[in-house]
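The letters A, B, C, D, E and F name the chains in turn, as written, and every chain counts its residues from 1.
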Amino acid sequence: MNGTHKVKDLKTGSSVESTFLVMEKELREFITKEGYYLQVKLADSTGSIWAKCWEKAEEVASVFEPGDIVRIKGVVEAFRGRLQVIFEPEGVKKVSGTYDIADYMPRTSKSIDFLVHELVKVMEGIENGYLKRVVSSFLGDPVFLNAFKKVPSAKIHHHNYIGGLLEHTHAVTTLCETLSTLYPELDRDLLLAGALLHDIGKTAAYEYAFRIDVTEEGGLVDHIVLGYRMVADKIKGIEGFPDELRLKLLHLILSHHNYGEWGSPVKPMFGEAEALCYADMLDSQLKEFLQLQKYEEMKEKEGIWSDFSRRLGRFLYLGRERGKGYPKEKENTEENG
Amino acid sequence: MNGTHKVKDLKTGSSVESTFLVMEKELREFITKEGYYLQVKLADSTGSIWAKCWEKAEEVASVFEPGDIVRIKGVVEAFRGRLQVIFEPEGVKKVSGTYDIADYMPRTSKSIDFLVHELVKVMEGIENGYLKRVVSSFLGDPVFLNAFKKVPSAKIHHHNYIGGLLEHTHAVTTLCETLSTLYPELDRDLLLAGALLHDIGKTAAYEYAFRIDVTEEGGLVDHIVLGYRMVADKIKGIEGFPDELRLKLLHLILSHHNYGEWGSPVKPMFGEAEALCYADMLDSQLKEFLQLQKYEEMKEKEGIWSDFSRRLGRFLYLGRERGKGYPKEKENTEENG
Amino acid sequence: MNGTHKVKDLKTGSSVESTFLVMEKELREFITKEGYYLQVKLADSTGSIWAKCWEKAEEVASVFEPGDIVRIKGVVEAFRGRLQVIFEPEGVKKVSGTYDIADYMPRTSKSIDFLVHELVKVMEGIENGYLKRVVSSFLGDPVFLNAFKKVPSAKIHHHNYIGGLLEHTHAVTTLCETLSTLYPELDRDLLLAGALLHDIGKTAAYEYAFRIDVTEEGGLVDHIVLGYRMVADKIKGIEGFPDELRLKLLHLILSHHNYGEWGSPVKPMFGEAEALCYADMLDSQLKEFLQLQKYEEMKEKEGIWSDFSRRLGRFLYLGRERGKGYPKEKENTEENG
Amino acid sequence: MNGTHKVKDLKTGSSVESTFLVMEKELREFITKEGYYLQVKLADSTGSIWAKCWEKAEEVASVFEPGDIVRIKGVVEAFRGRLQVIFEPEGVKKVSGTYDIADYMPRTSKSIDFLVHELVKVMEGIENGYLKRVVSSFLGDPVFLNAFKKVPSAKIHHHNYIGGLLEHTHAVTTLCETLSTLYPELDRDLLLAGALLHDIGKTAAYEYAFRIDVTEEGGLVDHIVLGYRMVADKIKGIEGFPDELRLKLLHLILSHHNYGEWGSPVKPMFGEAEALCYADMLDSQLKEFLQLQKYEEMKEKEGIWSDFSRRLGRFLYLGRERGKGYPKEKENTEENG
Amino acid sequence: MNGTHKVKDLKTGSSVESTFLVMEKELREFITKEGYYLQVKLADSTGSIWAKCWEKAEEVASVFEPGDIVRIKGVVEAFRGRLQVIFEPEGVKKVSGTYDIADYMPRTSKSIDFLVHELVKVMEGIENGYLKRVVSSFLGDPVFLNAFKKVPSAKIHHHNYIGGLLEHTHAVTTLCETLSTLYPELDRDLLLAGALLHDIGKTAAYEYAFRIDVTEEGGLVDHIVLGYRMVADKIKGIEGFPDELRLKLLHLILSHHNYGEWGSPVKPMFGEAEALCYADMLDSQLKEFLQLQKYEEMKEKEGIWSDFSRRLGRFLYLGRERGKGYPKEKENTEENG
Amino acid sequence: MNGTHKVKDLKTGSSVESTFLVMEKELREFITKEGYYLQVKLADSTGSIWAKCWEKAEEVASVFEPGDIVRIKGVVEAFRGRLQVIFEPEGVKKVSGTYDIADYMPRTSKSIDFLVHELVKVMEGIENGYLKRVVSSFLGDPVFLNAFKKVPSAKIHHHNYIGGLLEHTHAVTTLCETLSTLYPELDRDLLLAGALLHDIGKTAAYEYAFRIDVTEEGGLVDHIVLGYRMVADKIKGIEGFPDELRLKLLHLILSHHNYGEWGSPVKPMFGEAEALCYADMLDSQLKEFLQLQKYEEMKEKEGIWSDFSRRLGRFLYLGRERGKGYPKEKENTEENG
């Protein structure tokens, strides 16, 4: 269990007693006197917060390491516009036992089980037996599925939390279903199989033992080529898999970031690849935008404009009352609806 | 009525007798002797074809003008790999009467009535009365609707045919419905109203009396600003329309091409605008890709690769048998589906 | 009246007593002890300066708000290479009365009346009656003129001060007069009307109650489209305004930032639009450069090079004695002049 | 003397007898029979035209070379929408004598003497003796001046005719005079000296014996560095020339194309260089635009839009009656001018 | 054996009798009369030439197909500045027998055996046993080596001939040897192994049965990922191969085109990858430049400048006498060498 | 002599007594009390370090200036993860005498004499007497050679130390020797002369009296044009220097940064210029990469990835044990080497 005070509920002046994941730990020198204080970054599934211990810093620091779960007892203060926890040397204890660290990390707000269920339903709707079999060789594999359910979709920009890849895969697959209805000339089975598998290389590209980081393989080879390799290996084991279908499915994975600045070694060369590529871009860009918008809204900054976002190259419009600036209620009378 | 031989059914060596729209007309000098022959571009709803008359060219040319409907009797020949119609001076007659020229132009392969019906359904599902009313002031206006049903979505690149804008608006709206399900934080009403109205400026930006062309207003002001103006004017007539909602809806229209190379004066500044912008890009890019792919497939070129597309910056993969290169049938036995 | 000590004249160690505009106000925690001090940003027409009050900060802070005029009595100190004012709690008083806040903000160094007079002269020289009438409907409107005389031309990059738009409009118009002499094929009336009106949307795009900021309309619609709308509305009221002339004038406004990265929805499509577009670019770029050069020169940094300007992507050459590095006097003898 | 029929006055069906410059000469094989016909490009100061001789082509071709002046007697025909001259073998004679070939090439429509006079006036207004002397060492040198009066400003894009550099230098200098009035902080003398000299390297970069071409030096070193060298050499000969002033003047020349894609080795690093750089860009871009617009207008193409210009990346708006689409007359009554 | 008249030796007016590879074959309609002539593209190892047969075209066309070797007897003519062969219907015979088609295609001017020998020497100098073994598993495999010796390095831009990959690999490897001497901090073994293997995916990416073309795998997966896969599979079979070394070698292959526009899924992330990447770019760019320069020089165009190269974005300087424009002889006297 | 404790050997807690070059000197205010402390940047040939004196700062500061050599006695502390020296007021003495300041600046790790010797050898191998003479007029001039041996190759990005230009010139020349062997069609003499001289303008573009900085001439004219000028002047003094050879050599210098963003006024227009351009790019990019990699490795940061490098746009892979993560030893048994 995860304590009783969640990060997102902390307020200036309140006391806190709860368990947290230690994400960072650092001894820092005082500016105006000799010696060190201890600064740690604490997290639970609702967010993260800095905490400081002013005394016996070196001694306290030896008790735990990043990645440990600790029980902290302290008080919440405001410092330069942000909250921080101040605790005494005796206010921290390392928790031993069998916690799932993923419980202390930010995670998707959607139900992981629901998302898996939806993806399995899509898989079952694939009519081409070869394609269904290769998808099933992943989704039907409990070891893979366990990783697939947890891995984030990125380190920083979007879906950067537990379950992020699953949520992103679900959105892209759903968009591809819509596209296959709008464009009957697209091979629905191929497009959906591609959507389900397009990012599976990320299961090998990220580690998230207690922080999201890029693995050696993820950095030096990248998730696109890793995913290509995983699918190619599975197909090898499926007898009679048509050669052109194999190449097309692999091409969907390789081209889904478009060629050029975004890291795909090839550009989409047929309709299904183009469809997947833009569905992926739509979901990634939109999610990143919405995460950034939410982050800016939570700053509780005065005025209608956010801070300038270098990443997006613009200010966001936060609205007069943060999106509540106009009446949304149904009107009673609608003459011409 | 449109004759009995459609352009798409013509074959080398066959004779043809049918009515066509005259799109272009030109007197051309013979290279090897004095005098002129007549070259005309004929079209019906299934495509266009060049036709030539070798004799009495000047006389024949005086009979009709571009934009007229003519009845042509001639024979079909191959010339440099393309078909052309050869007709005698007496094989052409101008047809007077009440034809709808739009019947002779390329048009969407979807049902225009069905698409309108779908859009009206979306409009009726909008809960916010102000937004519903502004959408309804367009879709409920028979004059507007008549133009909206016919106008193309572009002169060249995609949806460049009668009903193209309608088809594109339907696709974007459908994608936005999917997005509003995936992202409940989006204001569904605002997003759908924006999707329905985002391109209505095109009704004033294109003329298609018998060829698609850009109007003066379309070239000098552009459809984005025209659409902005049309919506702004309607909103003025709706009492009590909330000011922030007005600005947001107008911003959706203005920003839907993204800022920069694509012609929007502003970048999307809140989530619904970002969503619409990428939904629009997805449909435009995909449709353009698929139209180009179809065009390349119809070349009946040998080999698996298309000609190089400068527009897309790549070769397309046409497949071993033009997309039929692998068995798509359901397998009988699926152990692990 | 604005006090007796101007910001630009303050020096380390001197005492100050004068009225200022409060631009920002913040309570800040002491690093080394409990409690707060007060930090405010003060401005008059010659510049701005930070001021601090070390005692009774919360009490003092309650006396005034950003946007107020205060009378400050204090002393000037250097802190980290910049000047700041230190004042006692009793050294600040809110001034009530009828000050024009614009008197406390940075403003053009040119005479506003002179600039208006010049623009009116240009207007009067326009021979085409329709164009003269539409320009006159703005410059002849005292409400509009009052805003036009004060609004800045940008928030940050250039002419970002009271009267900035006026100064910029004057420069662009003067350049266009030169161009119409050099290029007699240009329609002088159209070009000058466009120059006079090209940026009038900025009167609605910026607010400068006491700080320059972008309005909702300015951010979500942008000054280019706002200006288009303002002119289009005025033209509607002028009977018989030729349609092509209307479109051309509107196009000058819409295209004056060029298409693409700079926010115009359309590229210049005829000579007068191209001329205006580059005249606007010349003045904007040059002014920004000169403002930046002046800023760097005032740093009194050692050496001939400025700090690296990210904005311009280069170092500036400040010269050996800040532009005074070589004799400028007339020579007495000029053998070969 | 230059004959009696000018290229710009030729019409289909008329006969022609006049002297022309031979720009190109080519023997071409007949497609449908053995043997050759002769094709030549003829020019006078008003334009150029293709001419053909169907008989005795080899014999006729031996009579003259490109660069010669010939007297042609023939008839004018239309071919593929363009005019051409057809002449008999005996209808051509090489003209010997003392013609100035520049008289047969396209040239500025302005008075060369007037332009020189204007530039000399600017030079004389320079107060700084050193700068005036270096300018005068060029404009006062009859050999240089003779080249300066004739050399074009480019091979293709703008001012590509006899006197083009002079015309461009005059325009840039005039714009810089305007700028020095608008921006008194600019060093007027330096700016005007830079404007007068900025492109003098072109006198060595182009040859125009009878066609505009790039010299070896022009291609391998480029006019910017050539101009730098010419000015640096002159300054060496002026005793006491202040070192900083020397560097600044050289920098104006080197940076006037801006750094990057346009070929300057350095970016403008102080205000006068920035001013010159944008004045040069304004005149070059505008002139290119206007030349292209004129070229499109002369096509007498139907409709309001030009052909697509790859160079400018857009269609031009030619207007309803080629710029005559609206009444320009003064109105009689102007209520509110 | 390959006949007695090589393409590069053919001259206008001479007769020709020799064997050639048929690269293209097309029946073309006469413009001025009914019926067809036959046009074929013939090649041998020294180049290619168009040939025409004016009579019995359909009959003659049925005798052979592209990819066949034919013996042609005809005469050489000039047509529009290029040579072509004209042959009679009886002047062509299909050659059956055991020719190696590669003998008829353009090939490296270097000795293939010498290049292989050099690469083997480099391989033998690799000290790290693991790296040497993985390189040897390719170079020591006769089937691979046979393909490696023949495959071109590109379809169009550079080294686009038999032996092209070998020549390019040799150049890159030689440059990497130089780099490992200049930069002792580079891991010489890793760099050289990467250089030897960096492009081996091209053996599967190009087919050159008688024309260079891209394979399905080459187009849809690309040579970089194919090479990655080939090396990864070999490493799997080498027991104890250090994991970090494996990743580094694979990264060299994946990153050697740099990230972004050039198709690598990852950017070089350590020194050896950066070194290989730029060595590859240097050789590719230089070879392409030199091939283009040679092509332009062979046009025997008048003047010092080549035609404008769109590919390179510039004119080439061909020199006064095609590179022979200055004395290269040693001087007899060198005072200060 | 240069003291006994080198910067690179300093450790927390040790005492230090040695001579250093003073690079920067600043009086800084205390945050928490009145008064100043003194902060100086000290350097020797192995690196630089910050030092502080807490007492009598103003008095101490008057003893020496940046550029002086001082003897410092103090202790080494860690501050915010970096080392710094703390010294007492009496712990610093200005050293008068005849030190060569270059001995206190970072310098190439290679032997300057060796590099010069290598370059002279290349020069002597040039067969063309004209080219050899122009190279010799530089390398044989002791004044030039003295500057050439010391000047850095850049202020920041690569080879930014004493001897940097020499090292870079050696590397580029060596690469060009390799290229001239691989590509016999290149004019070896021209290429090597160009390589030896390509950057000599840097001797006038940088000053390094005690810090590397850009000279006025270096900033306003740039090293490329300066180098062009230096070579052009020397060639003027060599009688009979072939004109085309002169232009080609000058073009090699002018084009060696490629046209466009990198500052060359012209693009390479023949093979030797292209070769030099890419050899220069290879060495510059690789050196910059390796310097950055070394810098990141020395941070002793935990983990396999470096900090993100904005300059390179990527993370670097530092490896499991900083490049020592896999066995490099020769294997004992190599079955198939």
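Basically, contacts are C-beta pairs under 8 Å (C-beta built on N, C-alpha and C of every residue); 3 or more make two chains touch, one makes a residue touch a chain.
Since the model is a prediction, treat every value here as computed from it, not as a measurement.
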| item | value |
| --- | --- |
| Comparison of A-E and E-F by number of C-beta pairs in contact, larger one | E-F |
| Copy pair chain C, chain F: interface residue numbering same or different (half cut) | different |
| Approximate Å spacing (C-alpha centroids) for the pair chain A, chain F | 44 |
| CA centroid of chain A to CA centroid of chain B, Å | 39 |
| Per-residue overlap in chain D, given as positions that touch at least 2 other chains | 31-32, 216, 219-220, 244, 248, 251, 259, 269, 315, 317 |
| Chain contact topology (line, ring, star, complete or other) | other |
| Contact pairs between chains, per stated definition | A-B, A-C, A-E, A-F, B-C, B-D, B-E, C-D, C-F, D-E, D-F, E-F |
| In the complex with chain D, residue positions of chain B that touch it | 29, 31-32, 213-214, 216, 219-220 |
| Complex interface listing, chain A residues touching chain B | 123-124, 126-130, 132-133, 136-137, 140, 170-171, 174-175, 178-179, 181-183, 185-187, 189, 242-245, 248, 251, 259, 267-271, 274-275, 278-279, 281-283, 285-286, 289-290, 293-294, 312-320, 323, 325-328, 330-331, 333-337 |
| Parts of chain A lying in touch with chain E, wherever the complex brings them together | 216-217, 219-222, 224-225, 228-229, 232, 244, 247-248, 250-251, 254, 259-261, 263-266, 269 |
| Residues on chain E engaged by chain D in the complex (per definition of touch) | 31-32, 79-80, 303-305, 315, 317 |
